[in-house]
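Below: the structure, in structure tokens.
The letters A, B, C, D and E name the chains in turn, as written, and every chain counts its residues from 1.
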């Protein structure tokens, strides 16, 4: 009996699984997403002279709102219209959800090799590569919906993702270039002193990456692919009930994963803290620090919804190709210069 | 002296305005984030005490009614109808107004046209029903005081004007 | 791919969904949770039928802020569960109302707002209007022309109470329809 | 020169037999149906550049529809304060009138509206479809006087 | 999408019948259940992302006001017509009242004129703020939805204090107005005006000067001066195209000839100019409200024909509560035969009424052309050539209000 419990515990804290499912994987992502959506609604409400979700739990300021929304979605009828491609319609959002969380298996949350999910030297490239997978399935979902608005949304998603993933990757690589390593552990360790965060040494790349997170993860009002007043939720027009919840969830989880990477690359990861031996001191605490940093970045993104309006698709693409790609390339150059001068040597 | 035409121009966009515009927008957002100008009415816990002049639900004072039918004739929505009932002190049945809130548009014509002020507005306007038949009142129902359901749950407040914050909520005492 | 009852690659979705519902709601007694969640997550669909939409918008504006009740006006009908008929429904709009209502997944609820949506209001003898209770089941009626935002908020609170005390949402999920809402449903046009 | 005389002059110089008179808030120019288009052209060439309303009044007793275009000017501020009612009468049983969309494009939707409410056919309109109503309601031509809506009495 | 037998019986909306369109085009229905349109539909045909044809499909809120007016007494037509733009209630019914007054050959007392102007300007501000709020949400700017709607409440509250109703004031009646200003109204209005002036600066910074918004609006939906005159559009949209037309200065009605105000004109004619002009007009309206309250003369609220004969009770009620009660004659007001036309500058533009009476208690014909109906033609001519994403921007900038257009 104890053998089984031991086995289960071992399985749970087996780094790849632990990271994918618990921290900073699916479960943490859900908690953060629930917090962030609540925060987003409350922030917007605060700027907009009102209160926001409240009555569901007056003492917590309406924090349970998202739980209610999720539960309601979970038990609502799931409508699968007759005109859709059924298999893709159902399969694509689920695949997108799984793939959106997959990149975390390549992100080490500590510098103790025992707790690496997958020990490797190219974790930056692998994790960034994995982030590019899920958008394909959103386009597939849009196509399967057989709806004009969804089709337009899918096309926009494809355009935006192509443009901004490029920026994301260029600026991510420039972080690695400065340190002359594509191993996230090396990048984080190089940023150990506060003033050496790449955010400060290479703000250009950080800005480009921030912008690409903003645009490619479709946060309101930068959700050009699902612009509500233009194309009615775009790719997700036909989705209802839990399926829509999955779609919404995967969009936010994707943003969470992106911001995790952002905080690892630019905000020094677990920086002020040095992991100590032991599961809690060596793994949990640094991981929580990274998650908290990512949450803060997400919160700033949420704040921007109160200030900005939506861009037009051609303007967004124009901004990508004409402004942000040059900025990202400039960041790459700067990183090259830093590497040459040996800032992180 | 009448008004005059003034020509104006929209501002030009330059790189400078692009930068200052972004910064300004974010700063205004932050200003409201730090110092929010919330004036939300927490509705069931608070409710607005409406003015006496507010055109809300209507009440009939049967004693004053002289059965002139002006109210029913002026009602634009045909919500107010006359019924003939036997009233104390009159020999023949007298026409008396009754109201159908399914139709009433709260224009207040009936109250304004009533030569004896037998009809009056109540400062109440947040009553809802789950059954449409409950909204068709007879003479007895028309004389009953409709009261706001929020009274049991919340406290009355009033909004006053303020040059800094627009409207400001202040507590009010009912009565 | 065959269009028959979900025989494709994912198993019979409808049957398994129904089974799961039975298991969760009847046996695991999740009904109360569902009612609670639905009551605080009434998302009205963006369908402005008429001029009461002004007060509908004012209800969600900062002064009255109906988002406090968990109600968030939402864009696409597929993701909502709540409809506010805002005033007059013309014959042309009635068809859109009906289509939208059918696009919404159950459990779903409706409120009729304003005199026009009740008995025609000032347009009681117009040749181009439809009483909305003839085409969809209505839960709460709000008199007024237009009703004050507080009245709309009151209707939402009333509906929340109804959902939680009568278990409307869980009943709807178990049965697939609602008996008490059929009271007003007379077929109608559209 | 009073403005009304100027209108009379415009009409007579184009050879149109128009009855020009002053109304409450407008100047009425009544022309025979045959000279309908010429009258419109005469007004348009004198600076009246848009149509404010297309009003049709059903005189059932006389068996005619009165078609009235209220025109005025935006670009010429001097004319802007006057409203000219260009009107003609058409028989109720054959309600056909020349469309003036070619002269005043702003009449497009107004003519479509009049078409569906009265069944008046505007000859030469590029896109004469109902605009506000469903087809089954259009068939009744609801604004004609023989379509009656019921009013309720004051007793319940 | 092949038409399977089961789909045959489904509901068909106008425009859903098969139509031949170009080979590479496809049709997208914007509305009526669409967050980017109000209660109307614009059928657009799209080539890729670019609109090549737009066909506005109105009438979703057509409530047959013109027909119903023929069956109702003159006084009952006011609340009926008011329903076409309840957020602009005084402006939209004023020309009707004026037309009836012209037919009856009476003129309201000077105080009533000023009171009408007062409510008209309060309504204009509320209406412009409503338009700006809708504009904001169409551009995905949620704060720009919430702020104007919140600040609109200030003016709705002001109107409520004056008339006793939030939106449907039914204020002007033939011969005068129904209420006098309550006590302390002037201070309230002054505070509201000071607040609004300050707030407009914040609007500018978060919305009008925001580069993301400028990008969306500048050179979008351009209506040139000549095109504007040709299409016969009205209101702020017309003045944003550089045409000097405002009924308040062309044909000053009520007390507008005694008030000093400016009418802003923009030459650009694009959506950005249309956004600016609303802000500028709100400023001017605040100015007018101040002047009206300053210059308001003393006097009766109703014409002496209705007021001199009124019983004593009526005057006590007026003195204590400010309510000008209506004498029962109003229920059966007989209006001399004739035709009258009156126009006014409502929030969205010129509204014009043609009232024909034949010496009965009911009008023979009431013809109303509302500003939104005259603006609706813009969608057909301006939208083609823009992208789908521009449609909400143009729609919002036109400030189109379907119930007003459909009547």
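The rule we apply is simple: contacts are C-beta pairs under 8 Å (C-beta built on N, C-alpha and C of every residue); 3 or more make two chains touch, one makes a residue touch a chain.
Source: prediction; values computed, not measured.
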Partner chains shared by subunit D and subunit E (touch criterion as defined above): B, C
Of all other chains, the one whose Cα centre sits farthest from subunit A: D
Which two chains does the highest number of contacting C-beta pairs join? B-E
Centroid of subunit A to centroid of subunit B, CA atoms only: how many Å? 48
Here the gap between subunit A and subunit D, centre to centre from mean Cα coordinates and rounded to Å, is 62
Between subunit C and subunit E, centroid-to-centroid distance (C-alpha), Å: 30
Please tell me the distance, in whole Å, between the geometric centres of subunit A and subunit E computed from their C-alpha atoms. 45
Listing for subunit A: what residues touch at least two other chains? 47-51, 54, 82, 228-229, 232, 306-308
In subunit D, the residues touching two or more other chains are 133-134, 142, 147, 149, 151-152
Subunit C residues touching 2+ other chains are 61-63, 65, 68, 75, 92, 122, 124-128, 145, 148
Chain-chain contacts as defined at top: A-B, A-C, A-E, B-C, B-D, B-E, C-D, C-E, D-E
Show me the residue ranges of subunit B that touch subunit A in the complex, using the header's touch definition. 25-26, 28-29, 32-33, 36-40, 42
For the subunit C and subunit D complex, residues of the former touching the latter: 91-92, 124-128
Subunit C-touching residues of subunit B, taken from the complex the two chains share: 38-44, 47-48, 76-79, 100-107, 125-132, 135, 149-150, 167
Residues of subunit E that touch subunit B when the two form their complex: 72-73, 75-76, 78-80, 143, 150-151, 153-154, 157-158, 160-161, 163-165, 168, 170, 178-179, 182, 187-188, 190-192, 194-196, 198-199, 202, 205-207, 209-212, 214, 218, 244, 246, 248-249, 252, 256-268, 272-273, 276-277, 280, 284, 311, 313, 317, 321-328, 330-332
Would you pull the subunit B residues touching subunit E in the complex into a rising list? 1-11, 13, 17-18, 20-22, 24-25, 27-29, 39, 51-55, 68, 70, 73-77, 105-109, 112-117, 121, 159, 161-167
